[in-house]
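Take a look at the structure set out below.
As written, the chains take the letters A, B, C, D, E, F, G, H, I, J, K and L, and residue 1 is the first residue of each chain.
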């Protein structure tokens, strides 16, 4: 079995709808440029408030992917 | 451009439904007495269990707002 | 009023759907073997990614229950 | 069952006697102006030293109370 | 000298009197079912407030004990 | 000697100039409405970037003050 | 695909030889009573000193395993 | 309103002069290769000492920027 | 007003009686060799268990004192 | 002396043998694509368990390198 | 190349002027009694407030130096 | 049984070989000037990289020893 090496990047997904949607939105956007993503770890959950209501949820995530080659 | 000063308060929103609903519930209740809220930061997510099921989700948040004047 | 003593265990619930579903799934599974569960505290939220999409959300929780007798 | 919203404030109680007395002293002083206090969480325990002896114990606490209305 | 292996459990002791009493109460209750307890580590100190006074102090502790056999 | 009780609030000072100026700006603004401020504790230092340069430094601080009466 | 639920326990492995040996020692001892162990997370690394030399290395680990059934 | 996704990188700026200069130096250097930088978060502040004096201040920062496209 | 410089050392006080006694015991012992102690900050509270009872409470503290001269 | 700017990336090295081998494995793999690496900081140490034994050790590290130019 | 061993002490520098001045003040004072200081790490930044203005900035730092011999 | 008081110092051991060797190296060097060392706690593990390889591992440890007399 080979010795895998992974790299982790940090992204922030956002959504006007929910925490889950912000997570999915961030992962799917990242998948456009990063291949072989394996897992994510949620860091911070925060958001913007406009006129007394939650306008956007922002979720900071670390995403791990296999270094190819 | 002026030097803004913000104040942060800590609130706990709760919901029998979901994490997102607890966040929204807390922000909307706070908006009744706090003006100019700009952002929130989720701290702790916890909840009550009754008869082996999640009864309430409680989300602790810091809420930042502009100090007027 | 008696002096209650509680014990806390750590579980990980998972769901292909959402953070809330992972929480509920973990609590309900734990309730099959643990009685008198009173509260939970979310620790880590992470998940698996497959083909550029969130495949599973995993939520680590501490669960507190009353020690009987 | 209604959706409760709580607010948390941070106070520092002090006592020349003990950690417990500093906790009680802080809570009782806070109760003069804050109603419906439900729980406290101890943050930092520190103190002043005078002439090689503990002069004052200071306990930082977050105090949660129900937002009325 | 043998290679010891220890296990740690997490308990919450409570007391209407003091932090020390909550610690002792939790350890003594745990000793009814756990043998060979060696040490404890205090995590969180919190409590309930009733009518503006400390009603109960709750101390979360990890307790380490020798795994027999 | 009396048993002092302190309260802590959290503010964010900002400045286009420096960390020190953001601290001073926050404290001086807070002094307009809060009396008897005794000390501050820096939490987070962050800022806004515009056109590749630091536009604003924001310093989150806890400020402790004596509860009067 | 089923919704897995995991449980985590905390153990301390020790070794007079090395950090790696303490990890292995702890995991192998735990495997005598816990089945389906999937992963471990190192918490604290500490040790005993005797006569100015490292006598024992102790490694605290959380160990995750699948809840059966 | 679109769902923004941000990426965060970690840089260390250094300066023989001051914390502020190290922050600015790091941000301006990063702006040569990273576009659309929006905010920074200071992590660690440390430095080198030479002959009993501060020779260099080093400031670790996370920098967030909009993912284009 | 002069620019004070303080130094901090870390000590562990212990007591078979209480947390407060362990704090006092540590400070008073330290005062035999350290002068001008000004304040202490409690870090870790732990203890030894013997025969199912708390045998010793150990409190780790940082102690700050003025550097003379 | 010039003002250096460093960048930090996060990698995970793995090894079936030891913590040290996982560190070395990760650094050497990273050196294939990253130049001027200066230092590393170990974050998390975890691993996979197969059939009651440590199968792989995984070490998360931040790696700092000089930004050229 | 020899195996270096370093020792770290913790100091608090203070200044009525700025964070940078408090850092420099602490390091220079420490250099009177500690030799071979190599680096510092900023821990806490706090300060005293007098009459609604920052009176003193206090910066806690760990300072590393080579153990001679 | 007497009330023991311990003091803790912070050291950094280094080694071109391994984490274990850096721990041992630091403890043995410290034993030349510190007596009655009882335990150590690993803080940070980091290291230097030269030409794409681990050149030195550095392990920060707190070391506890009995205060005599």
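Note that in this section contacts are C-beta pairs under 8 Å (C-beta built on N, C-alpha and C of every residue); 3 or more make two chains touch, one makes a residue touch a chain.
Computed from a predicted model, the values in this text were never measured in an experiment.
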item	value
Of all other chains, the one whose Cα centre sits farthest from subunit E	H
Pair in H-J, B-D or F-K that repeats A-B, with over half of contact pairs matching by residue number	F-K
Remotest chain, subunit G as reference, centres from CA atoms	F
Computed distance of Cα centres, subunit H from subunit C, in Å	38
Whole-Å gap between the CA centroids of subunit J and subunit L	22
Where subunit D touches two or more other chains, by residue	9-10, 18-20
Touching pairs among all chains present in the structure	A-B, A-C, A-H, A-J, B-C, B-D, B-F, C-E, C-G, D-E, D-F, D-I, E-G, E-I, F-H, F-K, G-J, G-L, H-J, H-K, I-K, I-L, J-L, K-L
Of all residues in subunit J, those that touch subunit A in their complex	9-16, 22, 25-26, 29-30, 32-33, 58, 60
Sites on subunit J touched by subunit H in the complex	1, 3-10, 62, 64, 67, 69
Contacting residues of subunit F [partner subunit K, same complex]	18-20, 23-24, 27-28, 30-31, 37-42, 63
Complex interface listing, subunit G residues touching subunit L	17-20, 44-49, 52-54, 57
